[in-house]
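Please find one structure pasted underneath; my questions will follow.
Naming follows writing order (A, B, C and D), and every chain is counted from residue 1.
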Amino acid sequence: MTATCTPSEMMIVAAARALAGVRTVFVGVGLPNSACNLARRTVAPHLELIYESGVFGARPARLPLSIGDPTLISGATSVCSMADLFGLYLQGGRVEVAFLGGAQIDRFGNLNTTVIGDWDRPKVRLPGSGGACEIAINARQTFVIMRLKRRAFVEQLHFLTSPGHLGGGDERTALRFPGRGPQLVVTDKCIFDFDPTTREMTLHSLYPGVELAEVQEEVEWDLKTASEVRETAGPTDKELVLLREELDPQGLYR
Amino acid sequence: MTATCTPSEMMIVAAARALAGVRTVFVGVGLPNSACNLARRTVAPHLELIYESGVFGARPARLPLSIGDPTLISGATSVCSMADLFGLYLQGGRVEVAFLGGAQIDRFGNLNTTVIGDWDRPKVRLPGSGGACEIAINARQTFVIMRLKRRAFVEQLHFLTSPGHLGGGDERTALRFPGRGPQLVVTDKCIFDFDPTTREMTLHSLYPGVELAEVQEEVEWDLKTASEVRETAGPTDKELVLLREELDPQGLYR
Amino acid sequence: MPDKRMSMHDAIATYVHDGDSVAIEGFTACICFAAAHEIIRQHRRDLVLCRMTPDLVYDQMIAAGCARKLVFSYLGNPGVGSLHCVRRAVEKGIPRPIELEEYSHFGMVGRYLAGAYRLPFFPLRSYRGSDLPTVNPRIRSVDSPYDDDSVAVVPPLHPDVAIVHAQRADSDGNTQLWGLLGVQKEVAFASRHVVIVVEEIVETDVIRSDPNRTVIPSLLVDAVVHEPYGTHPSYVQGYYDRDNTFYLGWDGISRDEEATQRWLEEWVYGVQDRAEYVEKLGPETWERLEPGTAMAQPVNYGQYN
Amino acid sequence: MPDKRMSMHDAIATYVHDGDSVAIEGFTACICFAAAHEIIRQHRRDLVLCRMTPDLVYDQMIAAGCARKLVFSYLGNPGVGSLHCVRRAVEKGIPRPIELEEYSHFGMVGRYLAGAYRLPFFPLRSYRGSDLPTVNPRIRSVDSPYDDDSVAVVPPLHPDVAIVHAQRADSDGNTQLWGLLGVQKEVAFASRHVVIVVEEIVETDVIRSDPNRTVIPSLLVDAVVHEPYGTHPSYVQGYYDRDNTFYLGWDGISRDEEATQRWLEEWVYGVQDRAEYVEKLGPETWERLEPGTAMAQPVNYGQYN
């Protein structure tokens, strides 16, 4: 049976479910972090969190504000240099799933976290790649978490920071990318996956009560949809209880 | 005033004196090790020993049989991986002097530690390079310690394992070698250095009581000598006392 | 054993000059704000600031007008949002325009590795298909001599000076670090000069009791500065917590140029040194940031004689 | 948490097959003779043995006829002299001819690094002017895209199985190592399978109390074998000393083919497992090799909640 919940909670629940059976996830703070913690309590009991700060197998005693929070270090299984983290873990092919986000995404899951406007004369200077560029290339698969907004789901990126499926088709394989690229986009209204042939973003399911039109409204390009767009199953009581009472008691992500 | 001593002791003393003022030396076991310990007590108080096993600033409580002896680890300043040792310390240019040796050396200080005879059909299979090849290229300078024997000081190496001055002249600079190569050859009869222009091995000084003829006898090629070949100053009482009573009480290297 | 201890004032006066390339590293942890504030107080100019995550430490230095260029991979206030001072410099040239040389995290790690390993380049699997190489010609690629594979490469980075904060060192500069290691070892080996800043100066015997914990050997070190709480609002594992309240609060302050300058007046120019800053923050801050105890289980290296 | 504990017999039976490439690493320290002896007892053949310093461990395996090829950088009995069994195989083809693939130390380190980093090659400043590339075509060079510099490169090495000995691990395989680190981390990340052998199995809490000490994460580990004294005549820092008497004595034994086979009969085929070998060596050996105590000074990671 389904309880009512906020869009953020639905995003966390949907992302958590996508981690079923996964052993290693490369994660940041915020929603993805909560999704991983929820997944460990439900569909992925052996899930280990890898943070680009150099932490493997964190056991945080509080919600970390940053991926370098000291609570992620004390009690972790292993803490290594960033050279080892990016070289041995990420590039070494040890990361099964990585979460990414951005200011802009295009229909092939390419991401912009660098700049709005020209790089030389930026309208808005964004943070830049961080580890995203190599994560997008080396993680075995990536899940994107972004709120659905027309200014974010764009026809043309202002800057391609992190490659998704590039121009689509088998362009990643042609460039010998080790990872398979974006498999899922989790938003606050719906979930997208990617067409197995064209690699174009495709509407997979709508959250309870969301209309197809609302979604198309927030996407600049002419949206492809699955032959039958299903309704995303809402969160179970168990998921909501875990989320609200154990993982995010202060309701930071409500 | 000079005391009588064995050729091995003279080698150790001569090598130790050559370390005057040096801060970091890359060293193996045996004579070079004793030379470094003697130097630290005399001409190079700040000398730190670097072992290819990954040890910086060892404080051995006993004479180590191997460069990986546990007595080199306990009480050391730093112990790192071999990747760090060869990458950060040696290739990173932190090694001022390295000691090398071999089964064969030629007039330009090139060394063979690989094979006597053909590599494919060896008469005697020797240990091989170990770290010697990169040490010879990257250490700021190298000192060779070898007993003077005609079968060792040869016209033509059977295999060039570790480059000295190659064909002589500025061949090292042409190949952009970071290190200046062999500067000194310490034997049990005499000391050689290298001509600043031709880089050919040149007789620098004879140990007390050694005749030039004995030396030429043990060198295959027509030996170059310094304009005036001096007599190596014998060990001082202080050097001998330190050596015999503190550094090598069992007389392993007598 | 040489004694390299110096005051922060003297270390900065001696090793940081106008126009130098400076790397104050530390990923979230061990970011030496004490050194940054002293550089601001000494009015250094035209610095090339190198750092994976410029963080508040360079946001403040850039607001103070110390820098002409930034070499980096992530321009954010971690977990909070933008670095507004950096954005003002980049978007509006306030207080002065700033040149950007931009990489990804692994690209910056690779630059330090190439520098520390004295290699002409470091290879990594990144950048292909990204626009980053189009805005940074230093990002290139090399073909494999074994097959038709090819990889991206970055060139060595050799900062004029690295300022590295850690838990403890001896007075010669043998330095031990735990918790997040960041690129502290790599930047030290890659740089021309190294200034070590620590929470505690310890006897060499403490260092020698655990040689695997020594990340930076005295060999590289020019100066050792004893500066307790020298990383606030960043943190030092086991010594004090990250001041997340400050990181959240900086978002508001830094949005406004005048508020930012007032903050610098009060907390940087307005204090003589770190000790005064620590005292000004007051005991309640340090109580709030005091962690509990979680000791590492003992290990035995053994005595061999 | 998965429990990966296995007997040495089962670990070898499961993860080492005829024709496999096998890396039993450990530079002087932590060389797992227990695994080598079990491989000999199980009559594995045609192995490609990878190791920087083949040492006595591969001298014995080669005398037993387990190997068809050796990938290495230094063929010696450290501080003593030759590896006579290896020499017999190379010089006389006894008990069978053996193929050599030869590098320098840094070249072998580079091969493991390229494997662990999943790179097509690893660059290093070595080999120029040396004859090594003429006998090993895998040693090549790459030009710098930044200037007219160029460097040597080696290709990745991916052993089928790495056998890594260390002080302690939990039953899931999170492994902590101190003292000489060798290439234990690199070989584990480079290999297809990893068998961990330890002196002690500890609770995960012990591992988690000092995460910087964890060199190999459970993620890579297939099997965990609890084998006290498993490295004799090699050593484990803080647990027992290197048996230099044995290394010196092996020189005499190994010079003679028959004496070598007799030794294998008595000490390898003649015992059922490592426990019996340890008992056969007797308490006086273990007293002789017992080190004194030298504890690392404590460090605090802090509790943050």
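In this section, contacts are C-beta pairs under 8 Å (C-beta built on N, C-alpha and C of every residue); 3 or more make two chains touch, one makes a residue touch a chain.
None of these values were measured; they are calculated from a predicted model.
Where touching is counted per the definition, the chains common to chain C and chain D are A, B. Should one ask which of A-C and B-C has more C-beta pairs in contact, the pair is A-C. Per-chain Cα centroids separate chain A from chain C by 29 Å. Work out the mean CA point of chain A and of chain D, and you get 40 Å between them.
Chain A and chain B have centres, each the mean of its CA atoms, that are 58 Å apart. Across the assembly, chain D contributes residues 118-119, 124-125, 149, 179, 181, 185, 209, 212, 237, 241, 291, 294, 301-305 that each touch 2 or more other chains. Annotation for chain B: residues touching 2 or more other chains are 55, 69-70, 73-75, 79-80, 87, 91, 178.
Under the stated contact rule, the graph of chain-to-chain touches falls outside the line, ring, star and complete shapes. If you check each pair of chains against the touch rule, the ones that pass are A-C, A-D, B-C, B-D, C-D. Residues of chain C touching chain A in their complex: 27-29, 52-53, 72-76, 78-80, 82, 86-87, 90-91, 102-107, 109, 113, 124-132, 135, 149, 179-183, 185-186, 235, 237, 241-242, 244, 247-248, 291, 294. In the complex of the two chains, the chain C residues touching chain D come out as 118-125, 140-142, 144-147, 149-151, 153, 155, 167, 176, 178-179, 181, 206, 209-210, 212-213, 237-239, 241, 291-305.
Chain C contributes residues 1-2, 116-119, 174, 185, 189, 204, 207-209, 211-212, 214, 217-220, 301-305 to its touches with chain B in the complex.
Those residues of chain B whose C-beta lies close enough to touch chain C in the complex are 23-24, 46, 48, 55-57, 59, 61-62, 69-71, 73-80, 84, 87-88, 91-94, 178. Chain contact summary for the complex, chain B toward chain D: residues 29-30, 52-55, 64-70, 73-75, 79-83, 86-87, 90-91, 110, 114, 119, 122-134, 137-138, 159-163, 166, 171-172, 175-178.
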